[in-house]
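Before any comments, here is the structure.
To keep things simple, chains are lettered A, B, C and D as they appear, and every chain counts its residues starting from 1.
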Amino acid sequence: MSDLLQQIVAGLEAGSYYALIGLAIVVVMKSTDVPNFAQAEMGLMAAYMCWWLADGDEIGWPFWLAILVGFAFAAVFGALVQFFLIRPLTGLSNQPLAILAAISLGYALIDLFQDNGLPFFIDWIPGLGGGYPLGVSLVLAILSVPLVYIFMKKFVKKMDNVDHFPLLLLTIGLTFALGSLIEIFFGNQPQKFNTPWSGNIFNIGDTRIGYDQVVSIGMGLAIAIGLAIFFRSKWGVRMRAIAEDGTTARLLGINAGVISLLAWAIGGLVAGAAMTLKGGSTVLELGSAEGLILKGFIAAVLGGFVSLPGTFIGGMVVGVAEAVAGGQISTSLQPTMALLIVVIVLFLYPDGLTREAKLREV
Amino acid sequence: MALLEKRNLERYRTLASVKTNSSGFPLYPPKASGIKGQRRLITSTGIFVILAFLPWLPILGWFTIFNPATNYGLGNIAYVFAYAAAGVGFNLLIGYSGTLGLAHAGIFALGAYGTAILSAPQECLDYDTCETIIRPAVAGYGWPFLVALPVVCIVAALIGALVGFPAARLKGFYLAIATLALGELIVKLISLDAKLWSGLKTNSGTGKQVPIFELFGSGQLKSAYFISLASLIITFVAYVIYTENRLGRTLKAVRDIEIATGPLGISGTYYKLVAFGLSSFAAAFAGAAWAQNSAFVNPTSFRTRLLVFLLVVLILGGLGKLWGPLIGAFVFVYLRQEFQDQQKLLFFLIGVALMLAILLLPEGFASLPDRMRDSRWVQDLRRRFKSAKVSS
Amino acid sequence: MPGLEKGVGGTIKIGTSQPFTGRAAVAGEALLGGLQMAVDEINAAGGIDGCDFILAWEDDRYEIEQMVTNVRKLIDVDKVWGFVGTAGSQAIPSTYPAIEGAGTPLWGPISPANQDIKEIYLTNPTRTEQGKICIDYFVSQGAETIAVIGQDNEMGVEALAAAKAQESVHGYEIVAEEEIEVLSDVVAPAVLAVIESGADGVLTALDNAQNGLVLSGFHEAGYNPLVCSDAGSAGAGGINTVSLTEPEAADGYLGALQVALPDTDSEFVNNWRAGWEAYDGPGKDGAPNFSLQTYSIIQAFFVLWDRLDGNYTYENFHAVAETLVDDPILIPSIPPIACGPLPGGHQCASGAGVAVYSSATESWTQVKAFEQPAS
Amino acid sequence: MSTQEYSGNTSSTPPLTLDDLHVAFGGNRVLEGVNIEFAPGFNGLIGPNGAGKTTIFNVLSGYVKASSGRALLGDTDLDTLKQTGRVRNGICRTFQSPKLILDATVMENVLLGMHTAFKYGHASELIRFPAQRKEETRAREKCMDMLEEFGLAEDAHKETGDLSLGSQKIVEVCRALVGDPSVLLLDEPAAGLGADDVTILLKGLRRIVEESDLCLVIIEHDLDLVTTMCPIIYVLHFGQIISQGSPAEITSDPAVIEAYLGSGYAEGGDDTQGEPNAT
């Protein structure tokens, strides 16, 4: 019996991570209608940032400061992704992207001209083989920047009401890029992220409960409630308005840009929190996002991509189901539980579980 | 305008070969007569003939990554074909019938494992006694490969149709998630096999040494190359025939005017399942070819990452474009080998390439020629060229 | 036959394919480092019989496609004479046809090996054997119930095979066979199941992170059985696993040894340690315990090369290598390498040791010398 | 026509009967006890917007389920048939806004109408089985004849999207006709058509009806058209038939004038009737 309770507690902890990622996905989905496959990877980046600031070799900041800065980074990063990548695809300006591309390419070109030379397919052209002094390559690069800017401005189409598929692919691409950025910046070794509470446990009856488990579950619950309240607020309502019917909302004078910026910031923050908690309770590693994003989407599906409580409960259910199935039946069944659940649920309720979900088809 | 039509009409009447109705209107879209009309047939046959003889005419010799004179290059090209074949099937499903089914990593795995297990020799029947660690997975059913392959592909097609059942009920993104989960589920079931399928005599854990099928004793790589090429050609031809005939227009109807298909006597559900089945057949075939090239299969190769690779191939090449998958596969494998020794950078590049493709070239590389033709300054050039000719 | 043109007294190119990215990178880097360091040394010492060596390497992420293309590239493009130290049970069998086809020898800690292929020489005990050694140690410590936690892949199956094999020898009871998904860090169900089973000895075949989590799980539950893993996943002699859990949790953790501990005080190892501290080439940032492994293996290869007496044909190589059973190569840091003729003879090394980690001294100490598993 | 082998179900057209048909969406009742016996030939169905005309079509083609009452095709209750089944039994329809594949050719769109007529499966299509090719050719021939009938033969291989809305609606009519329906439901076929398009359309329809004993139901707002085409007209108002009969009767029926035509029609109506071929 205690065994079962033990498994349930473990399941709730795992579930809280699924739920949080799911919530992040739903927030972005509700307000900008983008299925963000990169959510977990963005969160992982923030988590690594927290670890690096607190435990990393270079910097030894106090834990809470590191968390504060790391979470701020998570929010800002989320906003940046929306600002640069998502805007053009959701009918907003493509200028930021053009500028970003121009600058980054300029930077790359300085490097290339200076030593490596341009890529294979043009480096046979005499003079592009690289090896220029810094000054020359600087000039060459700067000259090329406006061209890139104009090119991007011209060819990046601003698409209104683009369907989910390209957006999904865009975020998949982002996932890959972020994954390798993390590997480049933070290395590929798994890392232990020490929190003040990690390792401590207490007992209820003969059930052991770790403080990190309490923190994770508690945070999950708190964030879920916080989001629910937020979406009742003025801004929350506007967000939903944008998602339901972008153009009308814009006509009503709601600034879509700001709203979706906000939504992505919140999404990033929540995901960051999720991955940091997970890192503190288990370990930080490159693979963890890949495993978590699918579970997050499953939680979001169980909430019909709109209902926050539905998503939270969905995530928890998946977590507990895994743990209990693993403990009571066989651990080789555990990985399949989440998949079985979502498949069965979708067969039974094609519109998701919640009544709210039926109102909007994703 | 109408005059022009009339003139064409006269020509059709004179052309005996063109099928017309009683009053002489052509029943099939009029083709330009002679070579011009057959251009695509000729080009595609030409390309495939060249590909078929590539191992003996190293025209890419200067190009290490795809140099057919070396096993290395040959293997890479074979991978390109396998990816392209799977991509063609994917194209029929996503690009043509507009159904967002993402179970293909799993189906791919089915093809690979199915052929490996069925065609492996019957040995080592007892889970406890045989030294499975020394001899990874050589226990199977001893079917000839050429028998196992079609069987596996057909079974995979049926399973694919089964996976497609949610398509009947689910909309867009829900469908994507459901099929994604089902695909993962298939891979999970495969990786349970050490325990689950021990009855099936495959008993070495999840990795399987793939029994190599030697085409006329031409060695592993050459036969892998030709199996991959066969998978590409077969899927390609099927794609062309189907998309240009009844199935094609029916799938289009299901995609564009699903609401109206009922009163036309078309069952939307049935045709969605057909699309799933066909693309699964292609995926399984590609998987088998991939396995022949890799000589070893492992569930970790068929996780979500493979699906993403297929999507990259599809998008880089161009969704719904005939040559898209082949072009995309070449670009993808090229990138992967060019930056092989700096994998960190590689995945960054693949990610960026995918994002740029979505933002800049939504129709993929295959659409570049059209885009060039339509772009203003090219047309301007053409006009100048014409006027110059006239004046001279 | 590539390499021979460069042949006698010339420069011999040897290749290796290792994971420098992804999860196994920390091992792969060090494995490369050990090889490169040894090659540099031997060249500085004027080579062997006038041959000096070049090391050509490629990066695979432990992925099948990458590894097989790497090996083809090394054979066809880089024209290597042979492979040394290539590892990776998840993907290596994919390279067998290529290696067999080209007749290029492979000399390394491959697991699983293939007893049918002439070109493949396994210079280290298999994981199963290491598992058996672990279990023998459990039994010697008086364990009567054994639990196994493995990944849902070869590693898990090999560990289970070891437990089953020794069951008949020692007559203990296997009370739990648990699985953890590859790349997953949801270890709780497996951990709880094992705690419930209350086994005296737990044999794990997981990656470093998962091992760390399992150890903390046991520790938090106040349950401390004997826990032992194979060399790779225990990272015996290094911090790869023990750094991922609270120090107390890692205390008393056992790891099988394929190679002596990096802080062993023997001439050979001291020599290596000095070299490794001085060494500043590719793969320096890896974990030292792995570099000693490939360092030892390639030393053995050099000894064998010396025994070829200038006849560097593959025939001669195989002929000489298969006589090692009578006159094994003795490298102090690894079990004797005694390859014999096929079938089975190319599994050249057998037997492993066991080391225990002490959180007090933050160091490993060998508690069981290199021995054959009981049978 | 050279295509008699397809006209499977034009023999002995069973009349289409609506027997006390009720339809309600949630609370609001759209049809309240509609009884109609459609005869072979042209039947007009008019009424103000929201009267439930299209709902009747939707019931007949199986989009909407009647909450009570029956729709009978001959003596078979349509409730027993799935949508595809209804097509096989000869009910075809068009839509208010044409439902066509815009990036397919006109010919391909029309061929969709013969879906149920094809005998050979898709496997034989893949191996380009001769009999299947012949079948395809014959089907195309029939479609081409139909298009020619409606003056679209020259556009047959153009992309449908390039055609005018009027032509698109005619294409849809052709698509419905090639299925050899015994009952054809046309939902505002003339809306958005130019005068000459209408003439072509009507000429074609007349011929078809003369040749076969097709039962043709037209929903149309253009009263002149209906009155000139249809010997019998049904007026639907708030889900009920408020009047039925010959054009003359309808246009003089005070209830109809009150509900639909609007007062001051009667005198205007007469002189339009004076010139039946004005359309």
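The definition used in the following text is that contacts are C-beta pairs under 8 Å (C-beta built on N, C-alpha and C of every residue); 3 or more make two chains touch, one makes a residue touch a chain.
Source: prediction; values computed, not measured.
Taking the mean Cα position of each chain as its centre, C sits at the greatest distance from subunit D.
Here B-D and B-C are compared, and the pair linked by more C-beta contacts is B-C.
The most centrally placed chain, judged by C-alpha centroids, is B.
Chain geometry summary: the mean Cα position of subunit C and that of subunit D are 78 Å apart.
Separating the centre of subunit B from that of subunit D, both taken as means of CA atoms, is a distance of 42 Å. Averaging Cα coordinates per chain places subunit B and subunit C 39 Å apart.
The distance from the centre of subunit A to the centre of subunit D, each centre being the mean of the chain's C-alpha atoms, comes to 53 Å. Counting partners per residue, subunit C has 21-22, 152, 183 as the residues that reach two or more other chains. Multi-chain contact residues of subunit B, defined as those touching 2 or more other chains: 192, 343-344.
Contact between chains, per the stated criterion, is found for A-B, A-C, B-C, B-D. Residue ranges on subunit A touching subunit B, taken from their complex, read 35, 85, 88-89, 97, 120, 152, 155-157, 163-166, 168-170, 172-181, 183-184, 290, 294, 297-298, 301, 305, 332, 335-336, 338-340, 342-343, 346-347, 350, 352, 361-362. Here subunit D touches subunit B in the complex through residues 2, 61-63, 83-84, 86-88, 91-93, 95, 99-105, 107-109, 111-113, 115-116, 118, 122, 125-126, 128, 136-137, 140-141, 144-145, 147-148, 153-154, 156-157, 175, 179, going by the rule given at the top. Interface of subunit C with subunit B (complex): residues 20-22, 58-59, 61, 63-66, 68-70, 72-73, 75-77, 89-91, 93-98, 101-102, 111-116, 126-128, 152-154, 156-158, 161, 164, 182-183, 344, 347. On the side of subunit C, the complex with subunit A involves touching residues 21-23, 25-26, 152, 178-181, 183-186, 188-190, 192-193, 196, 208-209, 212-213, 216, 220-221, 240, 243-246, 249.
Contact residues of subunit B toward subunit A in the complex are 94, 100, 166, 169-174, 176-178, 180-182, 184-185, 188-189, 192, 195, 303-305, 308, 311, 315, 338, 343-348, 350-355, 358-360, 362.
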